[in-house]
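Heads up, the next two complexes both have subunit A, just with different partners, subunit B and then subunit C.
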Partner chain A sequence: MSEQPRMIYLENISKEYDGVTVLDDINLYIRKKEFVTLLGPSGCGKTTTLRIIGGFEYPSTGRVMFEGKDITDMPPYKRRVNTVFQKYALFPHLNVRDNIAFGLKIKKMSRGEIDKRVDKMLNLVNMAGYGKRSVDSLSGGQQQRIAIARSLVNEPEVLLLDEPLGALDLKLRKEMQLELKSMQQQLGITFLYVTHDQEEALTMSDTIVVMNAGHILQIGTPKTIYDEPANAFVANFIGESNIIRGTMVRDELVNFSGVDFPCVDSGFGENTPVDVVVRPEDIVILGEDIGQLTGTVKSVLFKGVHYEMMIECGDFTWKVHSTTMQPTGSRVGLSIVPFNIHIMHPMKEEAK
Partner chain B sequence: MKQFLKKCYLAIILIFLYVPIIVLIVQSFNAGKSRAKWEGLSLHWYQELFTNASIMNALWVTLSVAVVATIVATVLGTLAAIGIYSMKKRPQAFMMTVTNLPNTMPDIVSGVSLMLLYIFAKVERGYFTMVLAHITFDVPYVVLSVLPKLKQMNKHTYEAALDLGATPAYALTHVIIPECKQGIVTGALLAFTLSLDDFTISYFTTSPLVQNLSTLIYSATKLGISPVYYALSSLMFVVLLVLLLIVNHRTADNK
Partner chain C sequence: MTDLQLPAWAPWAMGIGLAAFIGMVALSVRRNHGVKRSLFAAPYTLWMFIFTLLPCILIAYYAFTDANGHFTFNNFSSFWDSNYIMRENLRTVAGDEMAATVARGSVNVDTLVYSLWMAFLCTAVSLVLGYPAALFMADRKMRLGPTLVVLFIIPMWMNFLLRTIAWMSLLEDNGLINAFLQWIGIGKMQLMYNQQAVLLGMVYNFLPFMVFPIYTSLSKLDPKLAEAAQDLGCNEFRTLYKVTVPLSLPGVISGITMVFMPSVTTFFIPRVLGGGNTRMFGDLIESTFKTAGNWNLGSALSLIMMVLILISLSILRKADPNGEGGGIV
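Right, the complex of A and B next:
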């Protein structure tokens, strides 16, 4: 991805509503043909960021650059981006075909050209033959496809998607994730996608931007974000984690739960307080006397692929995922390989 | 027994409400002039009605005032509703109170205050002032029928239009107004009905030289009423009934 030029650049963007800061000095660039996801809990500012790029919100400070030009003051109808809105926002007084043709009619395109492009779009979203239907007669998933077609038909440089799959059921959502991703690759359009669903973000994105409380916490590929979360918040938000307070004894040695663990991180200094993050699937269950930690199984849940066990070791309860089950009440040993211990600076208060 | 009582109760209410109107309609077909004696079925009064110059003139005034007031009030009311819709919460609540207030005020208060305003502003009362008065009381009803339609809309509809390249003016005429068309038509019908049917406000805002049907009937009663007015009132009742049925039907459909 890195060879592609920068399309959109958000420069020191802040946004306040009635004295409440929702975005605090955001800097972010999006490359051409990249699939970027803004990920974060509700109220983290991800939708506001999207709306600033769409032109529906005006930043309190900062600039929006589009291919090197400042478009901060440009109204939405002049921007070469299109948006797929939450809950679709189709026009109920127009049928499916006229909904998709809306943007082309404004561009005063010829009748024949409009028909050709609309048909192509209907095919792309697997809705051929639905042109004459009223949008109210369609299911949620079908309306979503029409909303996507209505935006894509205008051949935008960037497509902004605001939680487009939020209203669909799980199975349909998974199907649409794959379809959207393949559409994006097929058409070579830049996608900026907003979601609070970490799994969706991991599945679809080239780059994930994790946000919380108006700040960007981490930008990276899905693999980096998952394997090397920048702080405890990211670790907790992306996938499941055990987060425990610890002390960095020296480089490549950390102490938590009263035990020294070899690890691979360095550069934190000596005897520094840190957050230690361990994924539940990275904890190995051994016999009682051969683990680094010893604990008692408090509860067992069957989750399909694995069992989720809560194992109490002293004053901390570890969440452990394993395909073999240990009965409740049994004593077990736990072990973690150095590579799977992630050390982070304790979080600043503001980002929590 | 309980069922029977319920039905009786309803019947009594309906009788009290509609007997006077039924008597009026029956009397309008009475060939004779006396209300006490039935002298046979006749369309005589209806014939006379359509040849009576002052009644025909009043009919013209009523209809033309209603049409002009409806058109102006529908345009103003729709734009006002769109304006109120896009306001923030608190000014919106304030505007809604201001809009609702005239509806809750007795007609006589509106009528008298408009009259005082015209006198104060030294505007001679007549056709023009009556039209203005009708617009005034029609606008809130249009606002109140259009606003719910706007609120039903997906809140991103306007933005979606802009996003697809529509200028604000294009979005207004091609998306927002078509989306609330039903509310606009209902509001217009309601305004037209209210305007046709108004007496009190018209009475205070016109001169004796420009009469609409209701003020004409009122002045006629002072001289001893001719059965020709029974015929007129019966026709007005039927027209208003039909209009109200249409409005109610539309409002029921919208839900």
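Right, the complex of A and C next:
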């Protein structure tokens, strides 16, 4: 992806509503043909970021650059981006075909060309034959497809998607995730996708931007974000994790729960307080006497692929995922290989 | 003024109606082994029966009878030709030749057409003034919107007769406006007792009935729809006529109904501000009853009016089948 030129560049964007800071000095660039996901809990500013790019909000400070040009004050109808709205915002007074043709008609395209493009789009979103239907008669998933078709038919340079799958049930959502991803690759359009669903973000994105409280916490590939979360918030938000306070004794040695663990991180200095993050699936359960830690199984939940066990070691309870079950009350030993111990600086309070 | 001329069967009709009503209530109580909720509507139903349904029946009765209570279509002939009775009387006294010299009197039909025209003008002016006002009021970005809503409502708390009379003191020869015109050197103008004054009074009184249904309709619109239109390339103006206006049509239709109906039947405004120079159908009905004392013709005119209103209601209902405009359609 890195060879592609930068398409959109958000430069020091801040946004305030009535004195409340929603976005605080956001810097972000999006490359051509990239699938970028803004991920964060509700109220983190991800939708506002999207709306600033779409032109529906203006930043309090900062600039929006589009292919090197400042488009901060450009109205939405002049921008070469299209938006798929959260609740679709299909026009209820128009049928499916007219909804999709809306943008093309505004561009005064010829009838023949409009028909051709609309038919192509209906095929692309598997809705051929629905052209004459009223949008109210469609199911949520179908409306979703029409909303995507209505945007894509204009061949935007960038497609902005604001939690487009939020209203769909789990199965349909999974299907649509794959479809959206393949559409994006097929058409070679830049996607900027907003979601609070970490799994969705991991499945679809080339790049994930994790946001919280108006700040960007981490930008990276799904793998980087998952394997090397920048701080405890990211670690906690992406997947499940055990987060425990510890002390970096020296390079490649960390102490937590009163035990020294070899790890692979360095450069934190000596005797520095740190956050230690360990994924539940990275903890190995051994016999009581051979683990690095010793604990008691407090509860066991069957989760389908694995068992989720809560194991109490001293004053910290570890969440452990394993395919073999240990009965409640049994004493076990826990071990973590150095590679799976993630050390991060304690988070600043504001970003929590 | 004539005395109330109730037909001989009127007490009977009332009696039967009441008995039927009481019977229905009794049946309902028995069938449901107790008081059904619809029973709470009984006082209102009774009210409607006595003051709405019964008068309607009476109007229909008078419209199809003559002064002696005999069935006739003469009242409708008199609507079409105001000299009809005179000519028929002449025919009996002096024969067909003399009767033929009496020309058709078109005053009733002309008044109706004039009323429809005035109502049309009033509706059109209200729509042109009201739509932008509603648009402004419903715009979430305009902080003045809610204030404007209140400003529209406040005059409605006052009696509409008072409001109309208040216009007199503004428009009359020595009124406020003329005083101002004189002061700035234009001189006095004849502002009252003409069609413009009547139209002004009508628009002033009925404008809120146009604004509020449209306002309701507009404020129910998802703001995302306008954003979607802009996203797809519409500037503000195109967004308005491609999305906002079509989606607010139920409100517009409701507004048109609520302004047009009372406009056609209004009689107080033309009397006060038109000073008898402009006569509308409402005035005609009123004077036919009260001045001419012709209850039968008056009822026929009322019936024609009612039928016209019902027809327009049903047409408008087709345009907004779900009553989304929030009006009384």
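Note that in this section the second predicted complex is superposed on the first by the 352 of 352 C-alpha atoms of A that agree within 3 Å, B and C clash if a C-alpha of one lies under 4 Å from a C-alpha of the other, contacts with A are read in each partner's own complex, and residues count from 1 in each chain.
By our rule, contacts are C-beta pairs under 8 Å (C-beta built on N, C-alpha and C of every residue); 3 or more make two chains touch, one makes a residue touch a chain.
It should be emphasised that the depicted structure is a prediction, and the values quoted were computed from it without experimental measurement.
Subunit B and subunit C, once both complexes are superposed via subunit A, clash. When both complexes are overlaid on chain A, the residue A:345 reaches neither subunit B nor subunit C. Of the two partner chains, subunit B and subunit C are each touched by A:54. Shared-chain residue A:331: touches no atom of subunit B or subunit C. Once the two complexes are overlaid on the shared chain, A:107 sits against subunit B and subunit C alike.
Comparing which residues of subunit A touch subunit B with which touch subunit C, the overlap comprises 54-56, 75-77, 81-83, 85-87, 89-93, 102-103, 106-107, 150-151, 154.
Every residue of subunit A that touches subunit B in the complex is listed here, in rising order: 54-56, 75-77, 81-83, 85-93, 102-103, 106-107, 150-151, 154. Residues of subunit B touching subunit A in their complex: 154, 156-157, 159-167, 170, 175, 178-179, 181.
Considering their complex, residues 222, 224-225, 227-235, 238, 242-243, 246-247 of subunit C touch subunit A.
Within the complex, the subunit A residues that touch subunit C are 54-56, 75-77, 81-83, 85-87, 89-93, 102-103, 106-107, 150-151, 154.
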